[in-house]
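Input: structures, listed below.
Heads up, the next two complexes both have subunit A, just with different partners, subunit B and then subunit C.
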Partner chain A sequence: MERYDVITGNDAAAWGARLSRVEVIAAYPITPQTTIVEKLAEWVDKGEMDARYIAVESEHSAMSATMGASAAGARAFTATASQGFLYMLEMISWAAGARTPIVMAVVNRALGPPWNIWSEHTDALMARDTGWIQFWASNNQEALDSIIQAYRVAEDKRVILPAMVMLEGFVLSHTAMPVKIHDQSKVDQYLPPYNPPHYVLNPKLSEPFAYGNILFPWDYVKVRLAIQKAMENSVDVIKQAAREFQEIFGIWHGDLIKEAYTDDAEVLIFALGTVAEQAEATAELLRKDGYKVGVVKVRVTRPFPKPEIAKLASKVSHVIVIDRDISFGWDGILAGEIKATLHDYKVDTPVTTKIMGIGGDDILPEHIEKAVKEVYNK
Partner chain B sequence: MTKTILDELIEADEFLLPGNTACPGCGSTLALRYALKALGKDTVLVIPASCSSVYQAIYPKVSFKVITFNVAFASAAAVASGVKQALVKKGYEDVNVAVWGGDGGLIDIGAATVSGAAERNEDIFVFVYDNEAYMNTGIQRSGSTPPGARTTTTPLGKIVGFKKPMSFLMLLHGVPYVATANVAYPTDLYEKVKRAKKIKGFKFIHIFAPCPPGWRFDDSKTIEVARLAVETGYWILWEGGYRDGKLNLTLSPPSRPYKDPSKRKPLEEFLKYQGRFRGFDEESLKRLRNWIDYQWSFIDNLAGK
Partner chain C sequence: MSENLSDHLLLPISKPTKGAGGKTGSWRVFRPVIIEDKCIKCMICWMYCPEAAIEVKSRNEIPRINYDYCKGCLICKEVCPVKAIKSERESE
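Entry: the complex of A and B
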């Protein structure tokens, strides 16, 4: 039965996996992801979830086992954060190459050293070149819903790529807020069982075949280009998945982006996850003082919503990108992507990068206000 | 006339096709051929980076007639765990899921993964074909290289380490089946895989697989070198495991005579064929003898006198 509950982001992510009827979970604990996998393990142990839980010995193995399960035809799930994410990065890349439509929750956390368990986006952004679809949740409801949507997109036969859903450490993972836990039958209607459109690792269902053996450059290029094509296909699939989600569940989190106050905006703020949520709240305050600020939540970073971003940026006099991440020696990572996009689309709106909230440092309304006022006073 | 086990081995279906891209005299392909004959068609192979990623042939050709999944170096036993768990979840518990890799992939870089799968007692096979170095990348030393052997990263035969006793380590995990094998004893290997198939849980089979280019011997001598490893006591054939509350370890018939050191051929006979032991000095020889003694004493202690 559909109901509301006040739960943390991690519990919401666990519910997302449960309602998606995942069949195999392989995971390794890391703060602040732990309560996701603890919850799932509890449900599996109590028989409330019909899944196999593999308590593996590392994140590298978590992704390996998840990939193996998916390649054998099961709906597979895992979750990680930070160092764990980096430790599994080799297999993150392999899972995309193997075209396994896994969904993974990534609870964003800063990288060491020094040790820091709080929020930062740099971890997941390091995997933007691997062939994974990347969703960013800005509240607990979106964490739950994005996992369900991510399976819809990942398993679509035009896509067949893994997808990760990001939620920020502590800001969401350990903060309780009201979340609608959907009726299972509605989720089943939205997300049918996984039916692989290709051979699976099961001799009872597939002829003998080899996946991933050596091939020459001219064939390798075809295989890798197919990933690029699948990414391109995923744009429409993500939009359709968001639309149909809204029809069935009455909730709209945006598709590749979500706009707020963009209609008459003079300055646009671009950000990911809860940073965008914070920017939206700040924009509401700034508008009372006459600053026409709009906010674009970049909900999906792969595939990157280039035309949408270029179009919105072309209509304003200035763009501010708030990055809770940094590419040392380059720029904020999101800012770099947006600048490249604007160049591609010949949009000459100036872009200011603001790097904030590194290692979980608070991003307060006054920080965002200051950034906006600087732009207005230029 | 009743069929011998050799007849059965010869007649069993082939799943390694001829015309593959292995080197002449390859020990690993012999081992795979016998293992697959025992495993049969309902098998999924999970293969980390290794010679077997190469000798399965180049796309779009393939020389394995079973489903094969190529995976990253350190990941194989974890991937296999996921494959098996998914198959069980889907109701296909009787499919064999087998990791097939070298000593580099399963004794060095992937050892933690193998240990994790063993500790969880995953219902999978892990086969190591041990050719005692990273052969596919060009004969670099691994944790399974015997001390004093020349490799491209121990070019003068410097003594490093003590050849990691991976099969003993597996036995200490308390898994139900661990065995060693050797390509010169195909029926012993075949029967071990057959027995392992009947056991639910983690099965580790460690196969001695000489490598002519890597060990620098003539490719017509693979079987002789492999046999001498057993006859000199260097490689010991045994099987065991922790089943029904008991730890078992028994010497396999081909190795039984060599429990008595006086029955063993001189170690030099095994060494002399192989360029990797060229210039072997007294110190290296002593180290290698220590290693052999260490193995026998471990087995003696477990197998009982």
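Entry: the complex of A and C
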């Protein structure tokens, strides 16, 4: 039965996996792990979830086991955060190349040193170039819903790529808010069982084989370009998945982006996750004082919504990108992507980067107001 | 070997086949040689050979080393319980 629970982002992500009927969960249960996998372990133990839970010895092994399960034809899930995510990175890259449509929840946390367990986006952005689809949740409901949508997209025969769903450490992961727990039959209607079009490592069905042996450069290029093609295909699949989700569940989180107050905006703010939600709340306040501010939540960073962003940016006099991340020696990471996009589409709207809230530092309305007023006073 | 399902899902798949990597016997520096008088036909060398280059026709016959594919790792020599396998340096 459909109901509302007041739960943390971690529990919401676990519900996303449970409602998606994942069959295998492999996880390393120690810091910086989250209660996502603890909740799933509890449900599997109580028999509330029909899944195999594999406790492994590291995040590197967690992704390896998840990949093996996916290649064997199971719907597989794992979760990690910050340092664990980086330790997993070698296998994260491999999972995309192996075309295993895994979904992983990533709790965004700052990287050490100094040791810090609060929110920052740099961890997951380090995996921009691995071939994973990247969703960013801005509230707990979106964390749950994006996991279900992510399986739809990842397993689509036009795509077959893994997807990660990000939720910010503490701001979402440890903050309880009302979340709609969907009716299982509705989720089943939206997300059919996984039916891999490529390999199933089942000796009863096929001859034994190995994946990933050495390829000479001329063949390697073809295999890697196929990932690029799948990424391009995923744009329409993500839009369709978001549309159909809205039809069945009545919830719209956006597709690759979500717009707020963009129709008459003079200044546009771009941001990821909760930062975009905070910017939206601030825009509402600023509009009472006559500042025509719009907000674009970038919900998906791979594939990057280039035409959508260029079109919106071309209609305003200034763009502000708030990055809860930093690429040392370069810029905010999202800002860099947006600047490159605008250059590609010959849009000459000026872009200001504001790096805010790294290491979990609060992003308050006055910080965003100050950034907007600076632009207006130029 | 690759399997082309479509332009966005191209997978390099390897299926086991004899000698896919060429005749790897040429890699050998030391050649294991079975001393037939000492062999007790226990088949331990056959079980341990990582290249499946030791061939056995029946339990009553002395195993034969396939020198086309034996890489000369000498694991067979190590595991032989009666020291019935010796090694000889390959000539240049």
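Heads up, the rule we're going with is that the second predicted complex is superposed on the first by the 371 of 378 C-alpha atoms of A that agree within 3 Å, B and C clash if a C-alpha of one lies under 4 Å from a C-alpha of the other, contacts with A are read in each partner's own complex, and residues count from 1 in each chain.
We adopt the following convention: a contact is a pair of C-beta atoms (placed from the backbone, for glycine too) under 8 Å apart; a residue touches a chain by one contact, two chains touch by 3 or more.
Predicted model only: the values in this text are computed from it and were never measured.
When the shared chain is aligned, subunit B and subunit C each come close enough to touch A:A210. Of the two partner chains, subunit C is the only one that A:P197 touches; subunit B does not reach it. In the superposed pair of complexes, A:D219 makes contact with subunit B and with subunit C alike.
Residue contacts after overlaying the shared chain place A:A69 against subunit B, while subunit C stays out of touching range.
199, 208-213, 215, 219 are the residues of subunit A that lie in the contact sets of both subunit B and subunit C, per the superposition on chain A. Across the complex, subunit A meets subunit C through its residues 99, 158-160, 197-199, 207-213, 215, 219, 222-223, 226, 229-230, 232-233.
Residue ranges of subunit C in contact with subunit A, taken from their complex: 2-3, 5, 7-16.
The part of subunit B that touches subunit A in the complex is made up of residues 41-44, 46, 53-54, 56-60, 62, 64-72, 74-90, 92, 95, 112-113, 115-116, 119-120.
The touching residues of subunit A, when paired with subunit B in their complex, are 23-24, 26, 51-52, 54-58, 60-74, 76, 90-91, 94, 98, 199, 201-204, 206, 208-216, 219.
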